[in-house]
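Chain nomenclature is as follows: A, B, C and D, assigned in order of appearance, with residue numbering initiated at 1 for each chain independently.
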Amino acid sequence: MIISAYQTHIFILIFIYIILAVSLNLALGYTGLLNLGHVAFYGIGAYTSALLAIEGMPYLAAMIIAGLFASVFGYLLVTATDRLKGDYLAMATLGFSFVVYSLLLNLREITRGAMGIPGIPKPSILGLTVRTNDQYLIFVLLICAISVFIMYRIVKSPFGKLLEANRDNAVCLRVLGKNTFGLKYKAMMISAFFAGISGSLYAHYITFIDPTSFYISELILILTIVIVGGLASIKGSIVATAVIIYVPEILRTLDLPSSVLGPVRQALYAAILIAILMLRPRGIFGKVDLE
Amino acid sequence: MSLLAQSIINGLITGSIYALVAAGYSLIYSTNNFMHFAHGISVVAAGYMVYWLFTLAGTPFYVTCIITVILSALFGLAMYRLIYLPLQRKGASNVILLIASIGILTFFQNVIQIAFGSGVKLIGYIEVAKGITFAGITMTLLQIVILVISFIIFIMLYQFMQRTKLGRNMRAVSNNKELASIVGINHIRVSDFSFLIGSGLAGVAGILVALEQNLSPLMGTNLMIKGFTGAVIGGINYVPGSIVGSFLLGLAENLGILVLPSGYKDAIAFSMLFLFLLFKPNGILGKKEGRFDK
Amino acid sequence: MILSCKDIYKSFGGIKAIDGCSFTVAEKKITGIIGPNGSGKTTMFNVISKLIKPDSGTIEFKGQDVTGLKDYELAKMGVSRTFQDVKLFQNLTIREHLQIAMSDTDEKLLSNIFRGKEGDAQKIKEVMELVGLDKPLDTYGNDLSYGQRKLLDLAIAIAKPHTLLMLDEPVAGVNPRLRDSIKDILRELNSRGESILLIEHDMNFVMDLVDHIFVMDAGKVIAEGAPEEIQNNPCVLEAYLGGSEEGTKCL
Amino acid sequence: MRTGKFGKVAIVMLIILGILFTAGCTDTEEVTEDTGEDTITVGIMGPYTGGAAVYGNAAKDGAMLAFNEANLSNVEVIVEDTKSETKEAATAMNKMVSVDNVQAVVGDLISAATLAAAPIAEQNQVVMISPASTSTDVSDAGDYIFRTIPGDDGQGIFAAQTMSDAGYTKLALLYTNDQYGNGLATIITEEFTSLGGEIVAEETYEAGSSDMRTQLTKIKDANPEVVYIVSNTPDSSVALLRQVTEIGIEADIYGSEGLKVGSILELGDSVEGITITSVSPESEEFKQKYMDEYGEEPPAFAAQAYDAATAIIMAIEDGATNGEEIKDKLYEMEFDGASGHIKFDENGDVEGGYVLVEVQDGAFVTLEE
């Protein structure tokens, strides 16, 4: 391999987060649903897939079911929050993230609670097991390409234009005879589906998951990616994923005294983030604003 | 019996701390309408200010308090003027302000850790001792003071919002920014004041939290999440409402785990947040029409 | 009768916005609703297009009771409307606006993923010519002037498959030249057999254009008839100018 | 117009990224060439930010002490922060393995982070010695995974027996709702009940939270003779012990080694007499060395980290040049370290002894058995 295992690892994470970020952008940027519950879908996907695979289910089936199961939660979340919008939707979905986290932590019989799930098997497809990181990179790249391609087609299709129209002016769209509620369901379910897929990819890559992997710091990370990349821009989300995942890694090369190394890196990272926002308040490629 | 009574008191003590955080937060939210999560760091910074001035430098306690509240207010104003306002002027939407505020929170958390270390700090102003027991209920003098102060803040904020011109202007901006600017209210000035007062309150909260609990760089996130939850439950747009909501949250958490395993404590809080938003998005006392998607 | 509303009541808080309003719209005719500010015209429009749920009353469209339908279901049945305060879709282009209006398959997700952009270029061109909106099709909603947005709003209402066109103050705030061209557009549509219901403040515009007028005041229909009759009706003058004793008899 | 501008930005961003990646690549090669000759790189990883930062820093200081002392010319030490997060632990391990080409790592502390990094170490034949991960799952994590701290079962059984021997029969448990707390509590419950005791209350709290009053009220109401506290975030520990006093719990207080942080001593009289079940105490010699270097008593896990580093140093001094050789030497070695006698069993675990530490006159005092 030309690139080192470390870079392979970073690329794998980047590809997993690209799926996650693009799928969040589908709901947040394109459809205008201020959804802070995305990390919960990600976690649900990871747990579902891990638990099923440990029970012996073939990987691809486990991954698809993980996506579908996350999708079911997407449906339930929209059903529950149907009437809310803007900040209120954001707060309610944030609450949803917290509730799912609490459940992962407390339903010990199913999720092993705080103990986490170790030893999640590496994916095995049609008898071929993805063992090394290089193989996993190719596998993740493939899934990422397919997922992003599907989401790209969706947002560029007439259906995608409806999503954008719904974000800009839902009333006007309904008067044109479009079922905006249906649109919201579909958008959220697609978004949750891909979040579930990326959760599955994450779980089987790291091979250990616990509830803290799907909590507020993770939520902040993916939200930051989407905002920095720009709402309603798949290109933006992809570039921003690379930037946001890579910046902390560049900061590792700084030669800092070991006593302050952790906090200095994180403070610098936060400062860079604020600087990017100040320079491009709509994100790198963003054109649209939410109210 | 005393178990129940004590749990109610525990709930009130917890609630009063949430309320201190929520009051300032909701004051800022109501006039600016974006989620200023960095409010948590104002509280923490105030706590560390007390630690630095009082415990390390030996400044008299009441002088420390005054300096802390003033600096805290100015810190809030600086955040608004240096970060949020420039962003707003460039047309940034509320989601971006939210991310920026998380950036600020992370930045200062780490700055504090660099300056003071990651360890726990104690102010040491009040000796830790068994609380006063009365009719089977135990609480410390400080806790009584905190309860009373939250109550006073509640009354003062209520009076301030209803009686003073600035308070009225704040309510006007909170209800309708465009209309308020049409009638000649400068909403930037109102925002200035909301950050000053809100962050000043964070200063008060920081002092009391520092005395009642202890200090660690990361405590802001936890305080913020709970203060925010309390504010939403009570009505995030209405300051007195958010104080009531915080008390309710404290009570619900502490009474809830009398019945459920204590692991569900946070689950109770967050389920309450979720349910309130679904069924009563304006909160208990919130008056403003919720932003419903018709 | 293409549309008929019977005894519609709607109050917000304590204020009666619609207070027992009934009227009908005849097929292939232009019907106007006039009335002073706050008389409930736009509320009535919102009730008809289901954006607001009435407290009581029934609405029939093409002989069917549509009272219980949702806004988009009614729109699908063939009701098109414009808005007084046009917002449109800021981040979509003119072409995309029209494609959305014309398409009836875009809500299907799966069949859409692997199909390219659709849209009948010929029909888009026709509509654009009809309303006289002279802008490149790639212009974003954000970049249009108020008048252009009014025209685009009209264009998408026309482009959407419909049998009844409801226009909320189509010429409010537009310049006289544009007003005349809108009048011509509406005449042209009417001559093709369209049924139109419009709200308008501009009396000259209305009187010249419509076949039948309903006058609303305080949430009620206080008079109706052909334009000439209305012009001579004392109640209408009263509603607009207010005050005299004669007026109170009209209620 | 718009697309043009954004396109340019895109190109610029991609170029920057490209440069960064290539820069990273060349770095790698250089390092690989360097280490190819005779330098052996050793890593230290742990949480230096986040809730467990205090322990992370203590472990890092302890390990650094060993490396500085040994001062081997052919050993290079690098440090990585894992922010108390599993993903970060995996990233840090990957980075150290492939960029820095480490052969052995001291870390991680949190069991979850260790478990996330372990498969990478295992696959790349890099030795990993955790100074603090006590989860029983770590035993099965692989051949290359060691620890210088005994697992939860050791401490759990010791704690249960100690309390039972002291004549207590009614125990209340209060533990943090994470891997450490749950693991330890399960074992104590099993052992204590099998010894004939009774668990009268079992309460949990979120790591990092600072309000446990109602949990404590419930415990007080259950009237235990002894309360055992499992805590591994210092801010929770301090808050908790303060509230124990304020609520007025009369029962004796025992706690796990996570309580052994300097900040709880600042609570003054109210923590006097608290008994901590701690892994065997650091040697006086180590204590002195640590105090000389850092000016404070070694916090929990510093000695274990020192021993982990020492084990690696000994293996290298013994001629091991790569992870596999270090691993083989580790299974054979046996020495008296700062935290006690170190001998790794077939799971890479140490036997470890436990002692009781009591807070007396504002200091941690080891009780002689």
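Criterion: a contact is a pair of C-beta atoms (placed from the backbone, for glycine too) under 8 Å apart; a residue touches a chain by one contact, two chains touch by 3 or more.
Predicted model only: the values in this text are computed from it and were never measured.
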{"item": "Most central chain, judged by mean C-alpha position against the global CA mean", "value": "A"}
{"item": "Of all other chains, the one whose Cα centre sits farthest from chain C", "value": "D"}
{"item": "Chain centre separation in whole Å, for chain D relative to chain B (CA means)", "value": "34"}
{"item": "For chain C paired with chain D, centre-to-centre distance based on mean C-alpha positions, whole Å", "value": "71"}
{"item": "Length of the line joining the C-alpha centres of chain B and chain C, rounded to whole Å", "value": "49"}
{"item": "Multi-chain contact sites of chain D, meaning residues that touch two or more partners", "value": "48-49, 53, 57, 177"}
{"item": "Sites on chain B at which at least two other chains make contact", "value": "110, 113, 118, 261, 263, 266, 294"}
{"item": "Residue numbers of chain A (touch at least two other chains)", "value": "105-106, 113, 171, 262-263, 266, 287"}
{"item": "Pairs of chains found to touch, sorted by chain label", "value": "A-B, A-C, A-D, B-D"}
{"item": "Chain C contact footprint on chain A (complex, rising order)", "value": "150, 153-154, 156-162, 164-165, 167-169, 171-180, 182-183, 186, 190, 232, 287-288"}
{"item": "Of all residues in chain D, those that touch chain B in their complex", "value": "48-51, 53-54, 57, 177, 203-206, 208-211, 213-215, 217-218, 221, 234-235, 237-239, 242, 245-248, 261-263, 266-270"}
{"item": "Chain B partner contacts - residues on chain A that touch it in the complex", "value": "28, 34, 80-88, 90-92, 94-96, 98-99, 102-103, 105-106, 113, 170-171, 216, 220, 223-224, 227-228, 231, 260, 262-264, 266-267, 269-271, 273-274, 277-278, 281-283, 289-291"}
{"item": "Residue numbers on chain A that touch chain D, as the complex places them", "value": "2-10, 13, 105-106, 108, 113-116, 118-119, 132-133, 202, 206-210, 212-213, 217, 235, 239, 242-243, 246, 249-250, 252-253, 258-259, 261-263, 265-266, 284-285, 287"}
{"item": "Chain A-touching residues of chain C, taken from the complex the two chains share", "value": "49, 51, 70-72, 75-76, 80-81, 83, 87-92, 96, 99-101, 103-109, 112-115, 117-119, 141, 156, 160"}
